[in-house]
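Some structures to go through are shown next.
What follows is a pair of complexes built around subunit A, which joins subunit B in one and subunit C in the other.
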Partner chain A sequence: MTTTVTTPAGSAIAPRRRRADDVAGLGKARAGIFVAPALIIIGLFLLFPAVWTIWLGSTDYRLTGLQAASPEFVGLDNYVEALTDPSFWNSLWLTLIFVLFSGIIGQTLIGFGLAWSVRNIHGWTKSLIEGLVLAAWVIPASVASFLWLVLLDRRSGTVNGLLGTQGTAWLIDHPMESIIIFNIWVGTAFSMQLFSSALSAVPPSQIESAKMVGASGWQQLRDVIVPNIKGHILTNTLLITLWTFNTFTPYLVTAGGPNGKTEILSVYIYETAIPGGQLGLGAAISLIMLLINLVIALAYVRVSRGRTKR
Partner chain B sequence: MTSTPTPTSTPTSTTTPPVAPPPNVRKVAANASLRHFLSRVAFAIVMTIVGVLFALPMVWLVLAPFDATPSLTLSWPDWTLDNFARLFENPYALRSIGNSLLLGVATMVIVVGFGALAAYAMSRIRIPGRDGILYGLLLLSSIVTGTAAMVPTFQIITQLGLINSYTGVVLVLAGGILPTVIFILKDFMDSIPKSYEESARLYGAGPFRILRDVVAPIARPGLAFIAIWTIVQVWGNFLVPFILLRSPDLQPAAVVMYTFYTESGQADLRLISAFALLFSAPVLIIYFVVNRRYGFRFHGGIKS
Partner chain C sequence: MINHSRRRTVGAFAFATVGALLFAGCASSAPQEDAESGPVTLTITANAITGGKNAAEADWITDWVIPQFEDAMKDDGKDVTVEFEPQGVDDENYKTKVALDLQSGEGADVIGMDGIWVGEFAEAGYIKPLSEVAGDAVDDWDGWDQIPEAVQAALSFDDERYGVPQGADGRVLYYNKDLFEQAGLPADWQPESWDDVLDAARDLKKLDGVTPIQLNAGTAMGEATTMQGLLPLLVGTGEQVYEDDKWVGDTDGLKDVLDLYKTIYVDEGLGDAVLQQEAAGRDTSFQLFAANQIGILLEGDYFWRSVINPAEGVGTAPMANRDEVVGYTKIPAMKPGSGINDQDFVSMSGGTGRVLNPNSDHPELAWELLAFMNSQEAYQERNATTISITPRNDVNDAILAEDPMLTYVSEEVLPITAYRPPLAAYPQVSTALQQASLDVVSGMSVDDALSAYVDSVKDIVGDDAVAGG
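== the complex of A and B ==
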């Protein structure tokens, strides 16, 4: 660099140096044009609603009635109401269990296990297994929900038929377990696909040399595979946790019942704001949900940032 | 072995140990191959169980639509196509499938188009604070979800006069999906070697041309993934159209499916089963065709 500065043809250097960064000759202005449409849509329909939640959460806005026409500012009343309500804390606890077991443990581990298991087999077995897992993911949520209602039906469901447990109402006796397994069934495909591609990108030479020095399957996994796919593991965990925390699909299976036993936070907000009509209170709980999301996301971003800097 | 402590023994004792190993080695080899065989069997059993568990809920979806008298119990159907004939007579069913398609494709076009442009620019230009913007976008997409932003979104769309219109639904869906798309695609674009673009530029190709003819083909697995992912998201999305659309004529299949099994007193299984299959089939077919064609993986581009 220092030597090139001394050359008299200064004008010739600038483009060359720019080319190192900007290979397609895009230029800053055109890059701005490329980025703008996406940012405008995101700004208007994602960022602004989030900010709007803060205002809405501090009003007594209702779906119908006087407060619908002219909502009044009530300060922190909604937050006090939510935070002193045991059903809110119950909902938060249920959400934690749901995310932990169906998202972080269930989907990630089973997804990785599947990707790991089918990585070396080829042909129809692999296609079949992957196809079934993917199909569960692709089937629209409202159809998947109905399929599980059929599967777990009290009188004539397949599960009761196979287990010989006719009359067992799974969705009433074990509602949380049911939606956890349901959500694993729905979501595992994403982890499987992501880990599958991650595993295929691990340099075979590294695995070969590990094998040559006699590393066991577990050692290969720990010392070669995991370090290679760390980024994917993080990305996967980040997305799965947040998607599971924010999923609304269990509502289509259990509608939050029985007696609020599956009323995870997303369902709780819906129940409060739409059928309950308390939009102000709903917005206040939404903001709490947004803040929890923010904390989780920030933690992961920090972890992944620390990783890339190293 | 026991004789070794006695040093007075004849040299023959030292020769015996080398004779012993061969049967041992053979036994170890036999053990290893047996263990290998057993582990293969165990592996096959486990994979079969996993496959069956994943398949089980879907069997009804495949059989019931073709059964003359479908029930909730799995049974070999009394084959018929009457259920579909019945479905085609139902005005809501078919229209809602068309509505879903319209919403999915419209959102996909916006998301892939704008997402790819933004991701490419962010991958190739050092915009000040680029990483900050990217992380900000990722944060935003993570924290502001359809459920969490349900109430304010409804308000804003009402204020804009977009309630009960597809424009509102598509924009809200696109806004929610775009950040994740940009994040994934930017990662993907980063892994595409710049040497291709350099040589394309040397031959006089402009940025749009390079994006279209050089970057897009290489990024195709990523773009295909995003396109399908978007359609699947929109096709199955229940909450946004449910909140933002009023008239039954505009409702997509996801909402109509739900109303079919919740709002009708006695569920009409002939209609529901056929509708469920018809509603699921397009996504399944498109998805698996694309999956076969593109391999559907984040390959991370060509290593240069």
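== the complex of A and C ==
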């Protein structure tokens, strides 16, 4: 960090003694008025809920009953209860499986694969493929989940009709697989779009040179494309991981069931806090979830920093 | 530079805070409108919707209650508009919505509610005794004389009336006479033990494409699992969910109940276990019964009135030939005489009703509306198309004779029925019971399910308040 004060253009008229970093010449009070709306909004909608969650998480607050009228401070009890509850760890484990298969492997790889395979196609075929994938992304989650309910329905579902597997209850027999495929279907468009633009930014000269020296498709991908779009891969993986980690949409398909087999963390918190009524415990788990999010984000930031330094 | 900017930020933040407080101060000193002058709007909410769940109630509110009440108010020189906020969702979701409304100080003025929620809502301070909300007019209401104490108790807590009940109900076994005939079973069926029911189910199993018996289980159905599954069975073993200040735990009765679930769903495949885990399983079970694909179903009179009712726009899964095809019979105890009070047959009853929202801006008018909805005239109109058991003796005497099913419930079932404990902990215990049935249905052993259940109940009510070893 430099301490040298550079004189910005146009500040010559300002009196000598005034601090040079007050570029606009407003003074503290007036500058304060300008930032106040932003600060109020941040305080109200970010800071306050965060502090409120921490407070709630240390009480036995419930949606109904005596503890709703007069919640008591219970310290770290909720955290101990959450961390010693096997269903919490089960939910965390389900979340990891869900993130790994539907987010990192599914959306990223399929998104890249789609972007890669349509990069040289032009005209209506490309528009059609992109349009179809984007449609899944654009359709509201409630509508998409209803489509999937109909698709996978046990008695009159389209999938059973096509495969001739009448009577298979996909959402009961293969719940996790179902929501993983559902989430891949919903979210792949983002990765595809991001990789499409990344691929178009790869210098054609490098690909041409690789081709001239006889590199195979795989070698081009490994030695030319991936090094060029590493930054995009990282950003995409970070965003997808966080989104998938926090998504609530699978609830609309399976409602966390059957018997908690698709109770990923966001659903687990909802089930605990709202229908279960344990708002205090729910807030405590939310905070744990927030910390996990922070850890993921920090890990990616570190990786990307190490990358730029090299 | 860093220090400067931080100081600046702090300064700006302090400024912003002061500004916000000043602004808030201005806002709160704005003149308040006089609450009782000018046009008044009242709202009613209930888990009822035209063309869907409890359609008859929704139609009655929009087509009769609202216009009639508005006219009556106009005659009194009051300009009152009543709005209905319909809902058509699972009871659990409706309960969550009402709890959140009340918690945030919002919500309709008159709220439809299951009597069993009254305890926990009252303890939370979300609802208040009627006379506290609306004053002396409540205790002076002449309608109370027509409503038996036992029925009033459904919407009471700690001996205070929190709402007006809207009826009584009872649970029976429904069976499909066509399927019974095909399986060589009598059309006039009265099983006397669980074994009789199982025997009939085994006969029905020989029919193709028919699920012999569907006994509510699992958490997806919520309270329906407890009321139309576990509890009617439990009272058939002579036990109750709450008895002598203790909640049912690892007892012989509960073990017998879970064993029955295991027999039906796991050992003999007499019921469709997958259906009990589906998110919309209860509605599906209604549709399958209406499509002659379920032989025996334990349900309340609600099923008769609002689900398979063939009347236009009333039933959600109407059966045109309901009166000829659907039979109903009392739920037998495990063995003759093994039920509570040594009964041969058992049932469970609940009660729904309507409460006043303590946050109402016009509590006196809201009470007038509620009393109007519970007048003799209103119940007669309510039962013009579909008859249900009302809380009022004067109305029941006049109408029940028209419907043999409800007469049956009123005369045969209500005398032997049992009620859920009006305690705030009940809904949590109920959830634990549902989980136990789900565990058994999805393949866990009865002993494991029972011990998991006992652990959760001990967490809810404490070790000392659980019966059984």
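Descriptive notes on the structure:
Here, the second predicted complex is superposed on the first by the 263 of 310 C-alpha atoms of A that agree within 3 Å, B and C clash if a C-alpha of one lies under 4 Å from a C-alpha of the other, contacts with A are read in each partner's own complex, and residues count from 1 in each chain.
Going forward, a residue touches a chain if its C-beta (ideal position, glycine included) is under 8 Å from a C-beta of that chain, and two chains touch if they have at least 3 such contacts.
Remember, it's a predicted structure, so these values are computed and weren't measured experimentally.
Once chain A of one complex is fitted onto chain A of the other, the partner contacts of A:Ser197 are limited to subunit B, with no touch recorded for subunit C. By the touch criterion stated above, A:Pro258 is placed in contact with subunit C alone, subunit B being left untouched.
Residue contacts after overlaying the shared chain place A:Leu238 against subunit B, while subunit C stays out of touching range.
Once chain A of one complex is fitted onto chain A of the other, the partner contacts of A:Ala50 are limited to subunit B, with no touch recorded for subunit C. Touched residues of subunit A were counted for both subunit B and subunit C, and B has more of them.
With both structures placed on the common chain, the touch criterion links A:Thr64 to subunit C but leaves subunit B unconnected.
Contacts of A:Val35 after superposition: both subunit B and subunit C are touched. In the superposed pair of complexes, A:Gln166 makes contact with neither subunit B nor subunit C. In the overlay built on the shared chain, the residue A:Ile274 is in contact with subunit B and with subunit C. Applying the stated contact rule after C-alpha superposition, one finds that A:Ser209 touches neither subunit B nor subunit C.
In the superposition on chain A, the residues of subunit A contacted by subunit B and by subunit C overlap at 19, 21, 28, 31-32, 35, 37, 39, 155, 274.
Listed in rising order, the residues of subunit A touching subunit C in the complex are 1, 3, 19, 21, 28-29, 31-33, 35-37, 39-40, 43, 62-66, 68-69, 154-155, 169, 171-173, 254-255, 257-259, 274-277.
Those residues of subunit B whose C-beta lies close enough to touch subunit A in the complex are 43, 46-47, 50-51, 53-61, 71-74, 110, 114-115, 117-118, 120-122, 124-127, 135, 137-153, 155-156, 171-172, 174-176, 178-180, 182, 194, 197-198, 200-201, 206-207, 210-211, 215, 232, 235-239, 243, 253-255, 257-258, 261, 272, 276, 279-280, 283-284, 287-288, 291, 296-300. Those residues of subunit A whose C-beta lies close enough to touch subunit B in the complex are 19, 21-28, 30-32, 34-35, 37-39, 41-42, 44-50, 52-53, 56, 114, 117-118, 125, 128-129, 131-151, 153, 155-158, 161, 185, 193-194, 196-198, 200-201, 238-239, 242, 246-249, 252, 266, 269-270, 273-274, 279, 282-283, 286, 289-290, 293-294, 296-298, 301, 305. Interface residues of subunit C, counted against subunit A in their complex, comprise 1-2, 4-5, 8, 11-13, 15-17, 19-20, 92-93, 96, 99-100, 103, 117, 120-121, 123-126, 218-220, 274, 277-279, 284, 424-425, 427-428, 431, 438-439, 442.
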